[in-house]
Amino acid sequence: MLSLITFLPLLGALVLLFVPGDRIGLLRKVALATTLAVAALGLTVWFQFDGTRAAAQMLVEKSWFTIPGSTIDVGYTLGIDGISLLMVALTALLMPIVILSTYDHIGKRVKEFMVWMLVMETGMLGVFLSLDLVLFYVFWEVSLIPLYFIVGVWGGERRLYATIKFFLYTFGGSLVMLVGVLYLVYNLGTSNVPAIVQQVPSLDFDTQTLLFFAFALAFAIKVPVLPFHTWLADAHTEAPTSGSVLLAGVLLKMGTYGLLRFGIEIFPAVSVHYAWLFMALGAIGIVYGAFLAMAQSDLKRLIACSSVSHLGFVVLGLFALNESGLRGSVLQMVNHGISTGLLFLLVGMIYERRHTRQIDQFGGLAASMPVFALCFVVAVLSSVGLPGLNGFVGEYMILLGAFLADPLWGVIGVSGVVFGAVYLLSATRRVLFGPITHPENRHLGDATGRELAMLVPMLVFTVWIGLQPSAFLGPVTASLDALQLRIDGAKDARTAQAERTPAIRGERAALVPAGGPQ
Amino acid sequence: MNASTFLGTLAAQLPADPRAPALTAATPMAKSDDLAHMFESAFQDGQWLVAAGPMIALAVGALLLLVADIARPLRAMRPLFFLAGIGVSAALLFGQFSNEPGLVLEGTLLANRTTALWGIVFLLSTLLAWIYSLGYYRGEESKLSGEHDFLMLVTPIGMMLMVGAQDLLIFFLGLELLSIPLYALAAFQRGRSASIEAGIKYFLLGTFATGLLLYGTSLLYVGEGTLSIAELTRMPPTSAISLFGVALIASSVFFKVSVFPFHLWVPDVYQGAPTPVTALMATGTKAAAFGFLISAALLLPAQSATLVAVIALLTILVGNLGALMQEDLKRMLAYSGVAHAGTLLLVVGGLLASDSPDATANATNAALFYMGAYVFGATGAFGILALLENDGARFTRLASLRGLARSRPGAAAALALFMLSLGGIPATGGFFGKWFVFSILIEADMIGIAIAGALLSVVALAYYLRVIIALYMQPAPEGELPPRTVRPLSAGVATLVCVAGTLLMGIMPSVVTRFLP
Amino acid sequence: MLVLAAVLFGLGVLGFLLRRNVIVVLASVELLLNAANLSFLAGARMHSTPDNLNLLGPVFAVFVILVAAAEAAIGLAIVIALYRLKQTVHLDQLAELKG
Amino acid sequence: MAEFLFYTMSIAAVLFGIGVIAAKQPLMSVLSLLGSFVCLGVIYLLAQFQFMAAAQILVYAGAIMVLFLFVVMLLDLANPELLKEVPLKILGPGKVAVAVAVAGGLALTSILSTRGTPAVGSEPSVPVQSGAFDPVDEIAAVIFTRYILAFEAAGLLLVATMVGVMVLAKRQRDPIERGG
Amino acid sequence: MAHLAVLSSPSPLATEMDLLWLLPLLPLFGAAICGALYLVTLRQRARLAPSQAAHGHPADGHGGSAGGHGGSADGHGDGGAPEDSHQGPGRYAGFVACGAVAGTLVVALFGFAQLMGLDAHDRLLESGTWKWIQAGDVTIDVAMRLDPLSSILALVISGVGLLIHVYSTGYMKKDPGYAKYFAFLNLFVAAMFVLVLSSNLIGLFVGWEGVGLCSYLLIGFWYKQGWPAEAGQKAFVVNRIGDACFLVGSFILVSLIGTLDLAEIGAAVQGLLSDETARGKLVAAALLLFGGACGKSAQLPLFTWLPDAMAGPTPVSALIHAATMVTAGIYLVVRLNPLFAFSETVLLTIGIVGAATAFVGATSALVQRDIKKVLAYSTVSQLGFMFLALSVGAWYSAVFHLVTHAFFKGLLFLGAGSVIHGMHHEQDMHKMGGLRKHMPTTFKTFVAGSAALAGLPLMSGYFSKDEILAYTFGMGSEFNSVWLVLWGVGVVTAMLTAFYTWRMVALTFFGTERFDVAKVHPHESPKSMTLPLIALAVASVFGGLLGIPGLIAGMHGIKNWLHPILEGGEALFERTFSRMPGVDHGAEAVLLLVGAAIGVVFSLIGFRRFAAGPQPDQRFREGRPGLFGFLANAWRIDRAYHDGIVQPIKLLAFLVYEIVDQFVIDGAVNGCAALARGAAGRVRKMSDGSLKGYALWMGAGAVLLAFLGLILKHG
C-alpha cells in the first residue's frame, strides 16, 4: 500500500514520458489522474490508519542492500505513523490542486513539467514515509531535483540565481546531515529509524549533540530557520505558482518534519538541552519574518517572507517540547501548507491576469474580482490566525506551549500575531481595496470554475480544521504521546543531572523550566 | 610485423603448465643451484595462468586485431577481435570470482575477487571509451583505427597489472604498459595542435613521474632490499632512505591519479586529447592507480593519514574551484576528475587512519563502487561530448550546450543525469559512491574531514548544475540548430549502458555490492 | 654510487625543469633513469652476500633500460609530430591549453 | 686503483651530466649524455656488474643514443636555428631559483637519506661465486620465472611503442584543424 | 441540531439546553445564506456586465464627490449600476438576516424565561459541549452557557440587533452589496453570541476575534474608498494588540489553573491568592486581559481605532461600535470578576484608564464637526465610565450602564444615520441645521437619546451614570482617595457630556438650514428606519427602570439579577477592601441631585450656545487654535502613534530587510559564492599551460612530501 502510494506518481511520470509532448491536454489529464489516484490512496490510508497506535503501521519492510564490508542491512522500510499521516495527507491533497493550477501558467514544456511534478510527489511522499535513514536521505535529496528544474526552467527572471541558491544551500545542509546519517548508521549498526531511536541514548551526550546539529542544520536550512532563510524568498519569488505552492505547502514541511522526526525523536536529550536555542530562533524568526514581509513591495515575496514567520511558529512549538507545542506545530505544518499554498495560488491567479506581482500595481481588485477577493480574505485571515479558521488552532497551541516552556519566547511569539496582522492586512488592503488606480485592473475576470475547483477544497479545509481540529489531530495523538514520554524522560534525566551539578547546569535549567505547570 | 612472433611466444607459454606441486618459500633471493626448483616454485600449479588469463586474453585480442589490420581480408573483423578480447577477458575475470588464484608467481601478482572487480571496471571503461571512439575520428586518423584500437586494448592490461601487482617491478611495467599507449593516443590527432600539445605534456610529465617513481623505487630497494609489496607492508619501512623512496613513489602515483599539486597537467591533457581517450584516461588510469594505491597504501606510514586526508581535501578544493567557472566542458570535467581523485584519496586517508582489520577490504569496496559509478558517469559524459563534437560546432564550450534539450533531448537528459551522478545526488550511483567513501572516513573517526569533504562537494554541485542550466534553462542560441549528424547506434547503446549503470547503482546498489568481497 | 646517483638525479631534475628544448628535456629524463639504475645496482650490491645474490636490482635495471628505450622512442616520435605540425620543439610555445 | 677509477668516472659522469643540461646545442647535450652513459658503464664494470655494463653500453649508448642523434640530426638539418636553446635569463631568476631549489632539494634529501648506508661502489671488488653481481644465467632465470609476466608485458610494451611511434611519426597528408 | 455528535453533556450543575447553540448558529446560517445570495447575485451581474461594457457603460460608474458620497444610498458606486442592486436574489437577504436575528431574540427570551424560572443560584443553562482543541496541556471544550449576565447581553444583542437589522433594510436598500452587508452583519451577531455565551475563555476569544473580523469587514465595507479599508485595518490591528495581551493573559491562566473554563477560573482565583508568586501572576494575567479589553472597548491607549471606525455604514456603528462589540471588554471583566477584584493595583489601573478615557473622549467630542465622530468619542467616553464602575466593584452598575448605553447610543447612531441618509450623506453638522422640521420622527427620537446620554434626570443614562459616580465617590471617600480624583474627573466628564450632546442636537436640528436648500432636500426616512428609532427611544427613556437606585424604589433589578455571578468577585473585593463600597442614602440623594443639576445645566449651556449655529466653534478655533486642534485631533494621540510607533516600525522593517537581511545575511551567502569564484580564478591561473610550471609544482610537491614524510616518521 505505502509502496504503491509512494511510487504511483513515478509510474505516472513514466507513462507521461510516452505521451507525445504536443498533446498538452492529454499530458495534463494523465498527471491530474495520477495525483487524484494518489489522493484517493491517501484517503484510503487515512481511513485504514489506526489512530490508537503510536508506532508506525502498514509497514513495508524489505532489504534494500547490505552495506559492503559490514552486516548492516539497509532496508527499504516504509511505515506511517500519526505525524507522517498528516504530511502524506497534505501532500496528496495539494498535488491535484497544484496540477490544476498549472493549467494556467505552464504552457511550454508541459511534459517535462508534469514529469517533474510527479517525481517530486514521489520524493515528498518518500520522505514522509521512509523509516530507514538511508532511504529517507535518498528521498530527501531526490525531492530537490524536481524543484530545481521547476524553478530553473519555468521560473521568473532571476530564476537561475534563485534555483542555484536554493539547490546549493539546501544541498550543503543535506551533506552535513549525510555525515550524521553515516555516523549513526555505522555506529549503531542499523539504519532502521525505530531501532536508531531505541539505541541513540547509548551514545554519549557530546556525540549526540554533534549528530543532532548535523541533522538540525539540514532541516533548519530547509525549514528555513532564521539565519538560513534567504534562499526561500528568492526561490519563492522566482518559482512558478505551482512550484511556490509545493515549496510552501510541502517541501518546507520536510524540514519541520525532519526536525521532529529526526531531531527531537532521535535525540530527545539534546533537544531538551538546546530547546532554548531553537525556541529563540523560532521566536525571533516570527518577528523577523514579519518585519521582512512588511518591507516587501512584491506580493509573492511578501508571502514568502511570511512563510519565514509562520514556520518560526512551527519551530517554536516543536521545541517547546510539550504537548500543546508539539501538537500545535504538527497541526500548523498542515495549516501553513494550506493557507500559504492558498495565498500563492491566489497570487498566481492575479499574476496570470496582470503579469506583475508588485503590490502597487493592484488596488481595488475586490470590485472587479469579488469572489477572488473573498477567497483572498479568507486565506489571509487563516494566515493571520483568526479563530474559527485553521491558523488559530495551531498558533494558539504553539504559543501556549511556548509560553509554558519559556514565557519570554512565548511572549515574543505572541507579538508575531500582531505583526502578522499588520503586513497581511496591509497587503490585502492595498491589493483588494481602495479605488482602482490602474485601468487594467478594471476588467479582470473573476475566478474561473477551475480556479474555484482548486480554491474551494482548500478553503473547506481551512474552516474544517479551524472548527474541528481534533479530527486531524486525533490520529497524531498516540504518536505524539509516545514521543512526549521520551521527551519527558529526557527532561527528567536532565533535571536530575542539574540537581547533581547545580553550579554548571542550574543556570540554564532556570531559564528553561523543565515541565508544564502540572 | 613481428606481432606474429609475439603471438608465437605467447602461445608457446600457454601449455607451459607443469602440474608441479606447490612450493612455498617464494623468496626474492634466487638460489643459484636449482633452476628446476625455481620453475616449480614460480609456476606452482598453473594458477598463475588463471591469474594472468584476462590479461593474456586481452593481449591475444590486441595482437589479433593488429594482424587483422595488416591482413586486408580480415579488416572487417577488427571490432570483433576487440570485443572478443574484452569479452573473454571479462569472462575469465568473472571466473576468478569463484576461483580466486590468490598470490602467484612467487607472490608478485595477486588475483582475487578484488582485482577481478577492478579488472571489470577497467574493461568497462575501455569498452565504453572505445565505443564512443567509433566514428569520432575524421579524415586520416580514421584510417588508423586499427592502431588506435590496438593501443586502447593494451591499456587495460597495464591497469590489471597495476592493481594485481604485489611487486614494484610488476607495478612499474603495468604503469608503463598503460602509459605508453596513452601517450600515443593523447597525441593521436596529429593534425590537431591541441592533441599534440596534450600528448607532449602528458608524455614529458609522465616520464618525469616515471623518473621519480624509478628513483624512489631504487631508493626503497636500497633501503629494504626487496621489491615485494607484501613484505614491505608487513614491516613498513622506517629508514630515511626508504621513506624518501616511498615519498617519491607516492609522488609519482599521485601524479597518475592527479592529486594536488601533481594535478596541473590534467586539464590541459584532458582538454587536448581526443575525447574518447580522455574518457579512458579519466576513468581507467585513475581506477588503476587507485587500485594500486589502496593495496599498497600501507607503505605509507600510518602517521601520514591526516596528511593524506588534507592533501585529498586540497585536491577536492582545487579541482572544484578549477571547474567552477570553467567554460570548456572537457576542462571542467577534467577538474571535476581531479576533485573525484581527491575524494578517492580520502579513502586512502581513512584506510591509513583506521585500525580495523578490514580496513583495506572496506576501502577497496568503497573505492570500487565509487570508481564504478564514476566510470559510468564520466565516461558517459565524455562520450556525449564526443558525440556532440561530431556535430562540428565547438561543442565543448558550455554555452554551446544551450538548447540541446530541445534539439537532442535524449543526449541532454543523459548528460544531466551524469552530472547529477558526478555530483553525488541520490538515485544515481554517484551518491552511494560518495556514501561509501564517507563511511570509510566515519569508521576511521575522521568526522571533521568528512564534513569538510561534504561541504566541498557543494562547490562541485555548483558547476554540475551549470551544465544542467545550460542544457535546460537557458535559451538556445539564435539561428538554426546545429546540423544533426547521424549517430552510430553503438554510441546510443553505450550511453544507455551508462545511464542504466548510473541508475542501477543508485537505486539498487545491491546489484553491485553483492559482488564486492 | 648512491651519492653519484643522487647528483645525477638532481641534474636530471634540473635539466627537466630548466631546459625547453624537448630533446634536451628527454635527455635529462634519461639522466634520471640512469640515476635510478645506478642506485638499483648499488642496492643489489648492498643486499647481496657472496653466496646469496640479490638479483632484483639488476633485473629491475634491465627492465628500466628497456622502458627507457620505449619511452625515448615514443617521445621522439611525438617530437617529430610536433615539429611537423608547428615547426618547433620549444616547450614555451606550447600554451594553447591553459586555464 | 679501482677506487681512483671509480671517483674519476664519477666526476666525469657528473661533468657530462652538467654538459647535458648546460649545452647550447642539443647535439652537444646528446653527446654529453653519451659520455655520461659510458662513464656509468665503467662504474658498473668496476662494481662487478658485467652484464649491466654491457647492456648499458649496447642498449643505451648504442641504441637509444642513436635514436636521439637521429632525431636531432633530422630536425637540425631541416632547420638549424630551431634547436638553439633560449638563454636561461628569459626564464626569470625566480623560476630558476625555484627549479634549482627543487632539484637540489631532491638530490640533497636523497644524499642525506643515504647516510647510515654503506658507501657502495668504491670498495674493492668482492669475491662472489659467479664473479659478478649479475650473473646472466641467474638473471635470466629470475626473468623467466618470477617475472615471466613482466617480461611478456615488456614485449607487449615494445609492440605498443612501435605501433605508437608509427602512428605518431606517420606523415600527415591533410591536416584537419578541429576545435579543442 | 439538538444533539450534535460532537457535543457531550453539560456539567451537572447546569440545566441542559442545547437550544442555546441556536443563538450563534441561526445568524451563522443566516450569514451563509446571505453570502450565497450575494455570490449568486454577483454571478448574475457578471453575466450582465459584458453587455454593459458593450454599451460603453463605465464600470466604476459615478466617480463620487470629494467626500466620496455620490447620489445613491451608498454613494460608492459599484461595478454594476445601482439600479441592479435589488434585482438579484440578494434582495431577499434582508428578510433572511432579520429572520435569523428575530429567531435569536425568541431563543434568548425563551432562555431568559427559563432562567427566571430557576432559583437564583441555579440560574445556569448550558448546552452540550463542542470539543474543540485537545492540546494535552489544556483542553478547550466550548459550551454555550446562559446565565444572568449573558442573558442580559444576549437580549441586548438580539433585541438591539434586530432593530438595527430592520433599520438596515431601509438604510442599505440601494447598496449593491446589500446581501453581503447582511451576511457580515449576521456573522457579527453570531460571533457576538459566541463571545457572550462561551463557557471557555478561548471560546470567548473566538467570538472576540470574530466580532473583530466583522468589524473589520464592515468598517471597510465601502472599500472602494481607500480610507474605510484603512480604518478597518487599523481597527483590526489595534485590536490585535489587545488580543495579543489577551492571549498571554490566557496563557498565564492556563499555567496557573490548567483550564480556561470561565467558571473554573473564577472559582480558582481565591485558592491561589495565598501563594505570593501565583498572586503576582494573577495580577499580570488580569492586567493583560484588561489590556485585551482596552483594545476591544477602545480605552486608552488603544482607543484610536474607534473614531476611524465610523467609516463603516452607520447602522454598523450603532450595532458594533456602540451597542455591542465595544462592550465586550466590559463583559470580560464582569465575567471574570473574581480575577479583577482581588488586587488594588488592578482595580486602580482599570479606574485610572477608565476615567482618563472618559475625559479624553468627552473633551475630544466637544469640537467635532462630524456627527458620527461626536458619537464615537462619546462612546469612548461612556465606555470609560463603565470601566470606572468596574474599578470600584460596581459591576452591575457597569452592566446597567452598558445596557442603557446600548439603547441610547444605538438610538443616537441610528438617528444620526437617519439624518445622514436624509441629508444625502452629509455628516458635517456645520452644514446641517434646522432639520427638526424636515425629519420630525428622527428629531424626536434623537432628542430622547440625547437626553439619556446627557444624563437628564429620570432618563436611563441618568440613573446608570450617576450610580457609577456615586460608587466612585464612595470608594474614594472610604478606601483610597485616588478614586476621589477619579470621581472628580467623572463629574467633569459628565458636564462635558451634557454640553457636547446638546451642542450636537442644536447644531443638527435647530438653527438655520446651513445647506444648499436648492440641491439638498432632507427627507424623513422610511418606516423601516423610523420604527426602530421609536423602539429604541422608548427603551432609552425607560431603560433606567431596570436599575432604579435603592433610594427611590428599594429595588435594583439588574443588581439582583446579576448577584449570583458576582458573589465571587464581591467576596474577593471585600477581602481586599473589607467591604463593598457604598454611600449612604443621604449622600446618594445629594449625589443624584447634583448629577441631575449638572445634566440639566450643562445641557442648557450647550444647547444655548449652539442653538443659533456653529459660530462658537469658529470663535473657539480662532481664540485658542492650539487647544482646538489638540481636542479636534483627540489629543493628537493618533498622530503620536503614527509618528512614534507606526513610522519607526516601517523604517525598522525597511532597515531589517535592506541591511540585516539583504546586506548582512544574504551578503554572507552571496559572499561565499563570490569567494569561491575568486578562488576559482586563482586556481585556474595555476594551470597556466606552462609545462615547466607543472613540473616545478610536481617537484616541489615531491620534496614537500618527502620532508613531511620524514618529519611525520621521526618527529
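Letters A, B, C, D and E mark the chains as written, and numbering starts fresh at 1 in each.
What we mean here is this: contacts are C-beta pairs under 8 Å (C-beta built on N, C-alpha and C of every residue); 3 or more make two chains touch, one makes a residue touch a chain.
None of these values were measured; they are calculated from a predicted model.
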Number of steps on the shortest touching-chain route linking subunit D and subunit E: 1
Identifier of the chain whose CA centre is least distant from the whole-structure CA centre: A
Interface with the most contact pairs, given as the two chains involved: C-D
Chain centre separation (subunit B, subunit D; CA means) in Å: 29
Whole-Å gap separating subunit C and subunit D, where each centre is the average of the chain's CA atoms: 5
Centroid distance [mean C-alpha coordinates] between subunit E and subunit B, Å: 79
Computed distance of Cα centres, subunit E from subunit A, in Å: 36
Two or more partner chains touched - positions in subunit B: 28, 30, 32, 169, 173, 176, 180, 183-184, 187, 190-191, 193-194, 199-201, 204, 208, 212, 215, 219, 222, 240, 243-244, 267-268, 271-272, 326, 462
Touching two or more other chains - residue numbers and ranges from subunit D: 91, 99, 102-103, 106, 109-110, 113-114, 117, 129-130, 135, 138, 142, 147, 150, 154, 157, 161-162, 164-165, 168, 172, 175
Numbers and ranges of subunit C residues touching at least 2 other chains: 2, 5, 9, 12-13, 16-18, 20, 26, 37-38, 42, 46, 53, 55-56, 59, 63, 67, 70, 74, 77-79, 81, 84-85, 91-92, 94, 96-99
Touching pairs - complete list by chain label: A-B, A-E, B-C, B-D, B-E, C-D, C-E, D-E
For the subunit D and subunit C complex, residues of the former touching the latter: 10, 13-14, 17-18, 20-21, 23, 26, 29-30, 33, 36-37, 40, 43-44, 47-49, 51-52, 55-56, 59-60, 63-64, 67-68, 71-72, 74-75, 78-79, 82-83, 85-86, 88, 91, 96, 99-100, 102-104, 106-108, 110-111, 114, 117-122, 126-130, 133-135, 138-139, 142-143, 147, 150, 154, 157-158, 161-162, 164-165, 168-169, 171-172, 175
Complex contact set, residues of subunit B against subunit E: 200-201, 204-205, 208-209, 212, 238, 240, 243-244, 246-248, 250-251, 254-255, 260-262, 264-265, 267-268, 300-301, 303-304, 307, 318, 321-322, 324-326, 459, 462
Touching residues (chain side subunit C, partner subunit E) in the complex: 13, 16-18, 20, 91-92, 94-99
Of subunit E, residues touching subunit B in the complex: 673, 676-677, 679-684, 686-687, 689, 691, 693-695, 697-698, 700-702, 705-706, 708-710, 712-714
Of subunit B, residues touching subunit A in the complex: 358, 361-362, 365-366, 369, 420, 425-427, 431, 434-436, 438-439, 442-443, 447, 450-451, 454-455, 457-458, 461-462, 465, 468-469, 472-474, 508-510, 513-514, 516
